[in-house]
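The following pair of complexes shares a single chain, chain A, combined with chain B in the former and chain C in the latter.
And then the complex of A and B:
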């Protein structure tokens, strides 16, 4: 490599490094500003409605070291609904989506119901389901499933309906059975849609599990949130919210990672 | 005279397409008959809409004719079978599979063991000159290389008849001539029976023993030209006076068909 090239390269590297530092400074400064504003306004307002960030963090820490582990058991309770609910919704959504994607009859019969359920607010179903299933985790899981299943199925159906004959025709020409076509062609070709559906479903599941904990029986992180808010313990209210946000970001990040690994194969 | 390898008997096919609140029938093939002997190389040319690709799909069994039948070695074709393989204009590769796994695809569908299919796939990849690219993905290859993968996949199935649907029309001019030469070499080695659909008169004359000319609306065969050019053929064949004669003869026929169709008012 010749000298001028090296100089140019170094200049570009320096510029890239500088822009990284700039970005970091901007983020750090705005964050500091935001936190100070929070702290100041927390001291100025009625403690029944707001708490400064320092108190929030102290309360968060106290809840974590609390020997009765309320926060931890709340998290476990929430996960005990969220995880099975989301898993069932994923599998059910996939099956429903494939059925409606591959069979015109299934599409004609099921599409009106899917459209209705997809557009009904899940909260509106809770009172009815409460009467049928009673208070308990079963009910909460069912509500989560109802919330997450349709975003998955609708995306899978759309993906399958969108598959080009350029994928199916060669397989048919090579005598693929319907099962082989599904496993080796249709599902891999629909993967981007499946992942998009799962992410949408996850978002819905997360919101719904908290709503269900509010409405059905005060348990889990939603229950803690509700208890803190009804006793005007502002600082305590933030802990479950922070954990929920972290949970959402973690699972979404996991799905994104999975998606990227799989989609590497799709770069056209 | 020996029995034909492939015979197409009086094929009729009409497609139906919805127009406003009604359906109209578009005749694609009207009484097409063709007979091909073992090891022969037959080109089919015609203007767009003459049904040449439909004819190829009927021979493969991807489309059922309304009337008439296709026989391979005297047996009626009911659907796709291991005695025929298609090379598609759009290559028909799966972007999430490597070159090796794309070539293995047909063998995998047959339920062949991994070791066995790998052996065959590696051999055919070498045969089409793609050794060293086994682990590349289709998006990393040029159009010409992709079609060689498509060709290797067809060869790996060891069919008796290879059906080629405008296989070189999505690659550039120079690559096309190289692929034509390579195809002729492979044909000389393997002695497969080839049915080759193209819209290029030059290509049809260069590769085939016989050129079948089709007319549109409705699709039918209007001429069957025997190509008495010497073999083995290289691009120098194109410089022979005889090549030019045959080429302009074929062009005259095609031109007449197109003019007739236009005068009938069925073309824009």
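And then the complex of A and C:
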């Protein structure tokens, strides 16, 4: 009885394992191909315009062990803008989204502005804010907040409007207060939307912080990148770019993981 | 009986209309209030920080009439459309192939996902070293921002085409091309359109950044010129044109989506 089942199961497992190995081989081969192409083309082109991957890695290592810690302090400067900006944007976006999702008056008052700002290319506001706020960190934090707040709020509003009646009616009929309703019914049900909004907002925040760093001052990872490229130090230029890419991928992966966990919890 | 029912329906429709009208009034009031605040703040602060709202309106009218706005708008539009066209022409086939051939998907998806999560504006200095300062690096940065939502949405669209659609077609000896043309294409159109809608906003960000940091042309260049000369009334004009462009194109793509693929309302917007 169990024997053939086991055999079938083993066969399926073997096939899954084989396809996993296949996948690994393919990923490794493409990576090797990509890196060797980079290396070869780096040696063939003018060093002012490109650098082979080996030199990029050496320059990366030198920048890490460099006693003046330029790269590290650049990273810290970028994070010092990104983290508070993104936190403020998340909280503000959540509050705004809940307000607009729950109250028609707030929706009607705020919706024109949210629509306009959501569709404004955030980077276009940098020159304006530069005029008002100067070149300091305030400008960068404000622009990060502006970049990230609306994706969060729009998603939260959409989530609350989507889930509303079917979840809130039973709670209402059991005399739940608005606070209870919000905490125990609405927010848990909108969590997937909140996570989607945070992911979107984060992508926008990262792009905006780099553009702001290109723009206003040669600080942070964007500043290092800009300085290296304008002095044609190709190998050096890639280190901040690689860190930025790793940052984007890591945070995005983290939020995706959280999103999946949240979804699993609410499916069960 | 029927009389009272119709009466109730009429009354309900009337109530709905009243609500609608009231909502519109609140919206208008809210916008007018902000413009008033802008006007008053503009009068109170020095001209180099903020001009009153009416001066921006006057500036807009003037820039439209003397043609200052026309050339930059056309230049921005051509870069944006070139970038979006390249993104669609490359992104849709790539997404299709990745959806059809799992090995290709394994090979390419790390790069697609990685670049999608990476702030690709960081590559702009490199692009401008390689491609110069004029049209090419701008189109390239628009493509780098706009192509990934299209690839990923096309891929997701292909993934929704299940065996129940594919197997009948292949059992009737449909060729790979026929399957692509008659089975997959109709199913993925809504996804592709959703991808394009996401790409519009990202593409405009790429456009503006490109115009800021390579040769300062187009609406972005105009904005920088006015801002660095403290011409605060004119400064808002290119911003408004950019907002209108973003909003208008998004609405246009949504309307097109409705026209071309009305058979599927549900679509997923993947990521940003």
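Here is the rule we go by: the second predicted complex is superposed on the first by the 260 of 268 C-alpha atoms of A that agree within 3 Å, B and C clash if a C-alpha of one lies under 4 Å from a C-alpha of the other, contacts with A are read in each partner's own complex, and residues count from 1 in each chain.
To be clear about the criterion, a residue touches a chain if its C-beta (ideal position, glycine included) is under 8 Å from a C-beta of that chain, and two chains touch if they have at least 3 such contacts.
Values in this document were obtained by computation on a predicted structure and should not be read as measured data.
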{"item": "Chain C versus chain B, contacts on chain A by residue", "value": "C"}
{"item": "Which superposed partner A:240 touches (first chain B, second chain C, both, neither)", "value": "second"}
{"item": "Touched partner set for A:173, first chain B, second chain C, both or neither", "value": "first"}
{"item": "Partner chain in contact with A:124 - chain B first, chain C second, else both or neither", "value": "second"}
{"item": "Touching partner for A:185 - first (chain B), second (chain C), both, neither", "value": "first"}
{"item": "Touching partner for A:162 - first (chain B), second (chain C), both, neither", "value": "neither"}
{"item": "Partner chain(s) touched by A:199 [first = chain B, second = chain C, both, neither]", "value": "second"}
{"item": "Footprint overlap on chain A, where chain B in one structure and chain C in the other make contact", "value": "none"}
{"item": "Touch list for chain B against partner chain A, complex", "value": "60, 62, 79-82, 85-86, 88, 90, 92, 94-96, 105-106, 108-110, 137, 139, 157"}
{"item": "Contact footprint of chain A on chain C as seen in their complex", "value": "23, 26-27, 29-31, 34, 48-50, 103, 106-108, 110-111, 113-115, 117-126, 129-130, 201, 204-205, 207-209, 212-213, 220, 223-224, 227-228, 230, 232, 235-236, 238-239, 242-243, 246-247, 250, 271-272"}
{"item": "For the chain A and chain B complex, residues of the former touching the latter", "value": "166-167, 169-177, 180, 184-185, 188-189, 191, 265-268"}
{"item": "Parts of chain A lying in touch with chain C, wherever the complex brings them together", "value": "22-23, 26-27, 29-31, 34, 48-50, 104-105, 108-113, 115-116, 119-125, 127-128, 130-132, 151, 199-200, 203-204, 206-207, 210-211, 214-215, 221-222, 225-226, 229-230, 232, 237, 240-241, 244-245, 248-249, 251-253"}
